[in-house]
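Every chain is named by a letter (A, B, C, D, E and F) in the order it is written, and numbering of its residues begins at 1.
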Amino acid sequence: MSPESKPQIKLLTVITETALEHPLQRDLRTLGAKGYTISDARGKGSRGQRDADWEASGNIRLEVVGDEATVRRIAEHLQQRYYDNYAMIIWLSDVEVLRPGKFSTPSSS
Amino acid sequence: MSPESKPQIKLLTVITETALEHPLQRDLRTLGAKGYTISDARGKGSRGQRDADWEASGNIRLEVVGDEATVRRIAEHLQQRYYDNYAMIIWLSDVEVLRPGKFSTPSSS
Amino acid sequence: MSPESKPQIKLLTVITETALEHPLQRDLRTLGAKGYTISDARGKGSRGQRDADWEASGNIRLEVVGDEATVRRIAEHLQQRYYDNYAMIIWLSDVEVLRPGKFSTPSSS
Amino acid sequence: MDPVILFFLFGLAAGLMKSELRLPTAVYDGVSMLLLLTIGMKGGVELARQPFLGLLPDILGALALGLILPLIAFPVLLKLGRFKRVDAASIAAHYGSVSVGTFAVGIAWLEARGIPWDAQMALLLVVMEVPAILVGLLLARGLSKETQWGEVAREVFLGKGIMLLLGGLLIGWLSDPEGLDAIRPLFFDLFKGVLAIFLLEMGLITATQASSLKRYGLFLIGFGIVMPLVGSVLGSLLGLALGLTPGGVLLLALLAASASYIAVPAAMRISLPQANPTLSLAASLGVTFPFNVLVGVPIYWQLSETLRALFTGA
Amino acid sequence: MDPVILFFLFGLAAGLMKSELRLPTAVYDGVSMLLLLTIGMKGGVELARQPFLGLLPDILGALALGLILPLIAFPVLLKLGRFKRVDAASIAAHYGSVSVGTFAVGIAWLEARGIPWDAQMALLLVVMEVPAILVGLLLARGLSKETQWGEVAREVFLGKGIMLLLGGLLIGWLSDPEGLDAIRPLFFDLFKGVLAIFLLEMGLITATQASSLKRYGLFLIGFGIVMPLVGSVLGSLLGLALGLTPGGVLLLALLAASASYIAVPAAMRISLPQANPTLSLAASLGVTFPFNVLVGVPIYWQLSETLRALFTGA
Amino acid sequence: MDPVILFFLFGLAAGLMKSELRLPTAVYDGVSMLLLLTIGMKGGVELARQPFLGLLPDILGALALGLILPLIAFPVLLKLGRFKRVDAASIAAHYGSVSVGTFAVGIAWLEARGIPWDAQMALLLVVMEVPAILVGLLLARGLSKETQWGEVAREVFLGKGIMLLLGGLLIGWLSDPEGLDAIRPLFFDLFKGVLAIFLLEMGLITATQASSLKRYGLFLIGFGIVMPLVGSVLGSLLGLALGLTPGGVLLLALLAASASYIAVPAAMRISLPQANPTLSLAASLGVTFPFNVLVGVPIYWQLSETLRALFTGA
């Protein structure tokens, strides 16, 4: 687990409007994510209450695990493209992936 | 990203009974959370199986991102007020928020 | 929060096929997890799109908090037993649990 | 046998066999909403047909019944059952309040036999939901300042159950008959089928109480059977005193005999969190609900007819 | 009163009282789908019965109406309302398009009175959903290269609403009458009950717009009432010019008066994200929908009959 | 055309066009549950009407058919299809078992034509669900100790599908006729409408198999069409040998022709995880289900009538 042996793997979490589910999936494909996970959510933030009471008012919770460079690229793209006009919050955290091979582009896989 | 330049941002995750959704929302408002995200969950813990089979038996998963002080204050309040009588587990982790400006009370925002 | 005073608590997150919900619950019981949380999810990975369009095509998101040894034991078991034949991704992260007493087998609880 | 009862037994059996059968939550919610709206509307339609006069005694009677029942249950639970004060108070509140599912079974039973009932029964159902909750809280903590009565009232009155019953009542009351005919296929014709689906899920839920019952033992089972019998006697007597029709007397007996498993648990969880919710659910859902649905209704019918003969000499 | 309207009022009241009443999303989705399919099928069945000739003028007329309405609304919103360009364009698009829920209420109103309407109305409903979206985007940004028209078209045509309406139309058109009889109990007999459930949820959703309305004030309320009146006049006139039956004229007036709250918001959110969605929803859902449902339909009926008398001398 | 089939085609088209149309999972689950319960009840009602004698040969025959079909399919898949052993075994299991959706379409087809069928068909449907699963597991691994047969049996028998069919059968059997009349509007009158909604979703799901089909090519398509034809011949012959009515022979042919897409995939995923689930679903859901629903039923009817004429000389 020494920092030089493995590239840092990051988990990107995005909470945003349900309306963005399809556009985000397209973006992730383009930006080289190896995978993603989506679940339904509701919440509140600087852009008001999003109660999931009906179709247009729900949130999704998107997670992408990947090497730090990819994940940061994705995060920056989303922020630039959507942050101004959509309810959205993005955070990153460190994770350790079992079989991380598939996320380290340099050597393996 | 040196520790002195930014305050530590924390993610607070709470798993608890669905019945607490409204009370917790009120608490968060009072305690100064800038936002929160809720999704539905089920699970098992020291207080038995919570299968979400019907209304009263489901869990929610609550997430609050904020500066460490606020998040710890919220966590301690919830623990004190609810932990004894409700199924509840609380954990904290480190996250890096894009545009963290809104969470750092001292200087910006 | 010095490493010698507390054992490291880890959060294990598993995304896998809905079909594994019951088998995983049994495994967790056997492997000594103190609890777990499950929510519904959808996603995409190396084994294709899993849209939750219908019963067999959804994912679950399983979370287990525990001391590092237990959590690693669980992660390794799941990986060994299911990884080859099921859509599955597993990651670990550091968390701080309020009232972690119940997760530290040596001294308390 | 009545298929509606068979649906309940089927759910119970599937649950006890640990089958994977489960109603999606949204379907269960939808089905409950339909039942509540329909029961309310049935009541409202009838209320619109007759003068409003003379409902006050019925309402006051129902209120009194809802206040008295928990006062009977509480000392029994505390002394005989040796429950903690909060648990005894919480269980008592469940038995003072009512179960809409049980009421629906009673209605279906009367409809199948062509026996009419009094228009105001749906209204009395609403009236009886609430007072026992207040009594329960008072029993648990006295007139403590801690209790946020405003909160409690909001929680109860704005809860889904009472809103739908009252909404249905008002809609039934204010609708023109032709308008109602157009929505009859969904709300009235499907009523018993929807009740069957509802009871299937209730069977599955009842089965989940089996393990709690095993843990908390015989006393809860006994209480869950005797208390409704006591309630049904009081309900029958009140119904006779109020001059209700035989169908109305049965329904009032059934209301008194039934125990809440939705509104009261939700209110207690918020207002009396120290009470152990598995205790009261094991009793009300695991014992009293199946008892009332499977054997209670005909027993209470017999009982109320016997009492009627006794008192009216008819 | 019509129970269907009472359901809407009940939902509205429950929402404003901040009750916990809420339809599960899946139930609301299921109910909307049923309505869309049934409306489509009703149209398709009728279309199958009569020669296809002469529909072209109607379709072109509906298209024109859908293009003109946002062009009327836009300058008013920009100049009088002082909205930002994108917001004015987005709101205008909502009012050029149509609301299926409102149309369903119109159908139920006609059915209750035994007034027939023209077979092609469901087709015109589909035709009128789309053009205003394109006008809105053009008003907001001109013929900017940025707009991915292909994307927009996909989003709109492959959206749930239009798919179900068109699917229903085709199914109604191509089905044998006996086959339809077998599915009548679900799709046709339950129609008005399903509409009642739908309107209950619409009432709850409308209530959530109250706070936006308070914030954005009087202009939106005025616009949300005057614009449908203008639309209904244009719709009536077009209907009379096209020689529709009285029922058909009413429905066209209602389509013109109604504002979209599903298809257009979804399209705008993706294609014009700078527009503030709460503004257009507050107007279309918080003002125009309840106005049309509660008082609009009879007003437009009166209006269309008056105009008919004026122009045809009948 | 039959609207029920049009619903399927509509779903298929919408899916292939990648529209956003989708049934909420809860609605799909609810609709499937209704179908299973209704099919079971229809069977149970009939069984109650006639002596139970003579069902044993039918049951044994159905069991044998369920054991033989996968034994026919397996070598073909292994040798001609060049599939891995586990995949061949898994696909074979799917084709030995049955599809309730297909059976429902057969029932609707017979009902539309007023052709009666034998009471025990719903029972045979249940009987045929299971044996092929066991055969599949044996084919994949022999009598390996690894297989937890207890687990497999639990998974299958306590799964939703069989529980609901058996529950429906018992309820239909044990209910009084008047009781059944009261639940008829939901379970029987809505049957075909509910089937239409179900087939809409099936069309959407079938469309998701298109890409797998493209990948795995022609062999699967051929197999998915020829295997049901073989099955239908065996099913018809068995039906004739058992002396079933023409309607019953058709349904048995259809059961043999149909391939499971719910119970077997779920069981295989747990008990034979090395098998690739997309292969068997592409065949059973992407080819055989639409083939049976769109063209199979009338073909099998023709076939069974021809065979009847041949053998009985009638």
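Miscellaneous remarks
What we mean here is this: contacts are C-beta pairs under 8 Å (C-beta built on N, C-alpha and C of every residue); 3 or more make two chains touch, one makes a residue touch a chain.
Protein identities per chain, from UniProt: A, B, C = Nitrogen regulatory protein P-II; D, E, F = Permease.
Predicted model, so just to flag it, every value in this text is computed and none were measured.
In summary, the chains found to touch both subunit E (Permease) and subunit F (Permease) are D. Number of steps on the shortest path from subunit C to subunit E (Permease), with steps defined by chain touch: 2. Between A-E and D-E, more C-beta contact pairs join the chains of D-E.
Among the remaining chains, B is positioned farthest from subunit F (Permease), on the basis of C-alpha centroids. Chain centre most remote from that of subunit A: D (centre = mean of CA atoms). A rotation of 120 degrees, rounded to the nearest 5, superposes the Cα atoms of subunit A on subunit B.
With centres taken as mean Cα positions, subunit E (Permease) sits 41 Å from subunit B.
Subunit A and subunit D (Permease) have Cα centroids separated by 48 Å.
Chain centres here are Cα averages; for subunit B and subunit D (Permease) they lie 37 Å apart.
Shown for subunit B are the residues in touch with two or more other chains, namely 39-40, 93-94. Shared contact sites, meaning residues of subunit D (Permease) that touch two or more other chains, fall at 22, 24-27, 29, 185.
This structure has the following touching chain pairs: A-B, A-C, A-E, B-C, B-D, C-F, D-E, D-F, E-F. Taken together, the subunit F (Permease) residues at the contact with subunit D (Permease) in this complex read 24-27, 29-30, 33, 158-160, 163-164, 167, 170-171, 174-176, 178-180, 182-187. Across the interface of their complex, subunit E (Permease) is touched by residues 17, 19, 23, 48, 51-57, 82, 84-86 of subunit A. Of all residues in subunit B, those touching subunit C in their complex are 13, 15, 39-46, 59, 61, 75-76, 79, 83, 89-94. Every residue of subunit D (Permease) that touches subunit B in the complex is listed here, in rising order: 22, 25, 28-29, 201, 204-205, 208, 262, 265-266, 269-270, 273-274, 277-278, 281. In the complex of the two chains, the subunit C residues touching subunit B come out as 9, 11, 25, 34-40, 65, 93-99, 102.
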